[in-house]
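Shared between the two complexes below is chain A, which has chain B as its partner in the first and chain C in the second.
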Partner chain A sequence: MPERVDRDRTPAYRFLGVEVTRREAAFLVLGVVVLFIVPDLTTVSDSLQLSVIHQGLLFGFAAVGLNLLLRHTKLTSFGHAAFFGTGAYATAVLARYAGVQSVGLLLLGAIAAATVMAAIIGALSLRHTGLYFALLTLAFGQLLYAIALGQSALGGSDGLPIRPGPANQPLLFGTAFSPDVYQVLTYYLTVVVILIGLFVMYRITQSPFRNALDAIGQERTRARFIGLPVRRYVWAAFVVSGIYGGVAGGLYAVVRQYVRPEGTLFFLRSGDILFMAILGGFRTLVGPLIGGVVLVFLQDVGQDVTQYYDFLTGVVLLILVYGFPRGIVGSLRSGGIVNTRLNELRREPSVLSTWGRTAVQSIERKVTEALTSLRIILFGVD
Partner chain B sequence: MLEARNLRKSFGELVATDDITLEFGKDEGELVFIVGPNGAGKTTFINLLTGFLSPDEGSIVLDGDDITGMSANGRVDAGIARSFQVVKVFEEMTVRENLRTVVLTEQGKTWSLFSMADGHAEVETKVDELLAKFRLEDAADTLAEELPHGDRKLLDVAMSFGLDPDYLLLDEPTSGVSTREKEYVIETIVEVGRAEGVTTVTIEHDMDIVTEYADRVVALHQGTVHGVGPPTMLETDDELRRLLLGVGDDE
Partner chain C sequence: MAVTPTAALVQTLNGIQFGFILFMIASGLTVILGILDVLNLAHGELFSLGAYTAIGVFGFIIGIVGPPGGGVVGTAVFVLAVLAAVLVTAAILLPVGTLFEAVFLRQIYDRDQVYQLVLTFALLLILLDVKKVIWGDSSIRTDAVYSAINTIPTSELVGLNYPTYNVFVILVGSVVVVGLFWFFERTKTGRIIRATAIDREMATAIGVSTDRVFTLVFALGAFLAGFAGAMAVPPTSATLEMGTNPLVLSFVVIVIGGLGSLRGAFVGALLVGVIRSWMITLYPPGEIAAPFAIMALILLVKPEGLFGTWGETA
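== the complex of A and B ==
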């Protein structure tokens, strides 16, 4: 599936190297406005909770980092929770044992720890590609999970609180705030970090470094034979993507003021992060972030509606893979499947019946195939 | 000068390269063609020279330095570029982006995380030159995977030239190309190679092309050097003719 970004599009605005068309500029402004008014929106509706959206944004931010690997080097990491968890635990350890109170310093600690961890895990797992790479990242992630679970200094399965100093909470701008204000302020901190992070990622994806990563992802052998030290580049991308995870994890710890192995390091969190990138559209910059919010929201709503909420996410994944492989943002952008279909419908409403027919036919075909396979498995004959 | 000294490589029982000693580029910018029947070890030999494979025995020497243990990408930096028999280009990039990636790499700019990939004037100039030299201007904004086969071959070769090599090893640049396009592809290679003084080592099956363009011909057979000489060797060496064409004078 080639990446058909409108190569002949005409950007209307240019700012700090960011080039956007009118349409994109409109979405950009809308997105930023929405991000900033989320705390107000959550006071209007009960179904929207600030903490849920905040958590979605944080995991989504880790997914933005993961996406650098997924989109360009075409490597699938199944262990990105490792960096999220490293960031979160580094924050907790600094607060608990070093008495660090400043949010800024805590986040710097999270970044440093995640960078070191990504450098080590990257160096060890990038000897392989494909399945073995995925398995190695999964294994390292589980290793860290086991360490967090087993170390009493890290709180075991109970986890660690982040309640440093007499104020019993990290300080923003050297000041302690009431819990409600703290939640809103950290949310805005997250928004600012995300906007900076997206900007940095955008610039990276316009840079020569991206060309190197694309080359490696598309034709690894040729990449070596144009003179690229392949593993060093992939390693660098891995570290950058790990840093995004670390920042997200650090913010998560600061916001929740508590870290547990289940919530940060467990391998299902790695799966979530990967799912978010694909759900939102891994061929886009902001897709993973939106995927993060949508997935965490779905899981939260699902938990209220039914105890089988995993079923819900499973169904969403199936619809996604069969119907919208380009994800939410990938399907909605100009030239994406949704716009194309809408245009068709506007031009000739009768296509609807054709779609209905093809949909029914393809379902019939799938069912027949499945039944045939089942028959072969059960009776050994066709 | 690029030298192979007593190179040996086997895959299990099969000896693909059996004690080959050759040198290229004694005359700078020479056009050498490697000929030989299928299974003669032509591709293996190129793979050994470029670091795609490492030899069991023997050494590879570039301008007096032993580069046998050097990585593939290190050899590219040292001035040895190659193309592949089956086109290996970056399929999801346009022709221009393919060349840009190559030139950015060659000029050591790929570690730049915050400059614009298309914002380096000297890179863009070089890319435009390559597009013109290989007559790919019209296809510049076409995705590599959508190119006709002849253009894909040209792009592959253009990418190798974009690395500013001293030595260029081409593995059947005309394979799968229609007879009409063949001339065009090889002429472009010869033209650009001559103009830039690149020593070119090309594996080729079309004897008309070899006869017309070669400065020197290396014939391989069963992993060994059957003979080295001027292209007239193809006419005079009966055994070679029999090996290559399956015919002899007694036919």
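== the complex of A and C ==
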């Protein structure tokens, strides 16, 4: 049962090692309820589609894993689609060539494959940090993409179906369901997996391991001097984050019943996963998940509304970079630049003219600078 | 599969030709990376913007000059016109690059590197749709340049059947390489850029405006990308997604060569170009994988890349 503790003089509750204030608990319950009633919500409006939200959650889950690296060790992985794709392809291969039908076994296969892959890629790419690390992970991701594309056993660019056995589909609880029911059931499976995954991630972020990772992220050399096994810890974090990607990929394959290299392994998917984490707020636990739903939803809705949906996503990312650098969840929690500005405006409306003046001044300065730069480009520095 | 010496030579030449195009893209990327410390994901889109723009510019300039007249003079005029069109295209990309750096990137140098990735990716997406608005969904091409230049005999003189346009690309590419090295080694502006790359604070102390150097470098990168786009487009067509592949290959090139090293980018580009081209005949499925395999290998053996980072020499 929940046990009452005090945190900074606000009453908080601790249950299964999760410590929350009353307000946080309300949000937590609300979030879980929303997750569970999504299939009902989607029947209300046509613009909400279960498969879209489901896909967003899956990619978001991979982003939660990536976030372990990004948030604590300050490593930017640009190849997380490698694990997503490994999980998806492991599922497909098991279903196709080993005839595995049970969803549980398929997912276990995905986890195993992703763990091995993350262990290998991690061991090879973690010798580097910064942009080198980002490029190395990108390279390994593209290597896997190329392999999936080039091998006819993996279906080439057509991909592989996940339709094992006489039922022509993976079995939940040993039973085959009609497509509609299957979709909803796999959604609930995803929700359960996500909740477990978030809980595990929360426990990790409460552990000394997280502090060690933070220390490594801040200053590697110092971390090594105080006796932390830097290489091993970062590697462990990398593998854990890879497993999250693998689970998400396995679920994706089970849900979609089809995997293609473009949709799972391509480097733009890696980018998506990274940007989901930042969009949602990479300093938070659930941010990446929400970022995933928002980004996938945005791309899907954008495709319906306009043919220029890339532009839409691009503008959203621009607004994110300049207006809400802490991401959706981070900004909601602490208030972004826009929020502070709004408060200022409410307090003193005349601040508007000051803003206008500074804006004009900065534009003027930019134009002068640009002209000077142009002159330098054309005539050199003399 | 038996590979005749001629076929091997043709493939190698193809690889070298592609390598030069790749160098023009990767050199801009690597210089931006070495000096601004920004990985410009939108660089491939600048390349493809160059390709799209070039088709219009080619059409315009050839409209003025007319098809190649007979004789040596007529051909020479046509080749010069093509070169002028390429330069005009690249020049059009200059303000684009300047704008990118001055308006967007400059605001966020002091932030986490992740935000620069997000920003340049956002610019990539926006440019993608800007192209779609201007030039439409379907691919466009220009045949006049490729076929006209191919009528000039070059490789046929030594008994080899090889498109003259590719020879043209190799020649122009060599000039660009020499020009770039000359720029960085000999000109004052080039030295200032190098000084900034080696020690930013020291450069500021002796009176270099890093802001301007940054803008200049980004504009230079855009110029080179536009140049590459204009050179690459005549044999193929300009498509919306043509920027992706060269971008990813440029990553490989700059990692092989060493982040920020111009010399490394040159060696890396030729290496990637030739090996990729060989793979097309030897083992087609390996075409995409080979560059990444080389990159992983080189990083394991020589983690800082073949030529390390930017330093006393370009």
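In the analysis below, the second predicted complex is superposed on the first by the 322 of 382 C-alpha atoms of A that agree within 3 Å, B and C clash if a C-alpha of one lies under 4 Å from a C-alpha of the other, contacts with A are read in each partner's own complex, and residues count from 1 in each chain.
Heads up, the rule we're going with is that a residue touches a chain if its C-beta (ideal position, glycine included) is under 8 Å from a C-beta of that chain, and two chains touch if they have at least 3 such contacts.
Every value quoted in this text rests on a predicted model; they were computed, and no experiment measured them.
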Partner chain(s) touched by A:S102 [first = chain B, second = chain C, both, neither]: neither
Which of chain B and chain C A:Q206 touches, first, second, both or neither: first
First, second, both or neither for A:T21, with chain B first and chain C second: neither
Partner chain(s) touched by A:L320 [first = chain B, second = chain C, both, neither]: second
Which of chain B and chain C A:Q183 touches, first, second, both or neither: neither
Which superposed partner A:Y308 touches (first chain B, second chain C, both, neither): second
First (chain B), second (chain C), both or neither touched by A:P229: first
Per-residue touch tally on chain A - higher for chain B or for chain C: C
Common ground on chain A, meaning residues reached by chain C in one complex and by chain B in the other: none
Contacting residues of chain A [partner chain B, same complex]: 2-3, 7-8, 17, 203-204, 206-212, 214-215, 218-219, 221-222, 224-230, 233
Of chain A, residues touching chain C in the complex: 70, 76, 78, 124, 127-128, 130-132, 134-136, 138-140, 142-143, 145-147, 149-151, 267-268, 271, 274-275, 278, 282, 307-311, 313-318, 320-322, 325, 366, 369-370, 372-374, 376-377, 380-382
Residues on chain B engaged by chain A in the complex (per definition of touch): 50, 52, 71-73, 76-77, 81-82, 84, 88-94, 97, 100-102, 104-106, 109-117, 120, 141, 143, 145, 159, 163
Contacting residues of chain C [partner chain A, same complex]: 33, 39, 41, 94-95, 98-99, 102-104, 107-108, 111, 113-115, 117-119, 121-126, 128-130, 132-133, 137, 187-189, 192, 211-212, 215-216, 219-220, 244, 248, 251-252, 254-255, 259, 284-289, 292-293, 295-296, 299-300, 303
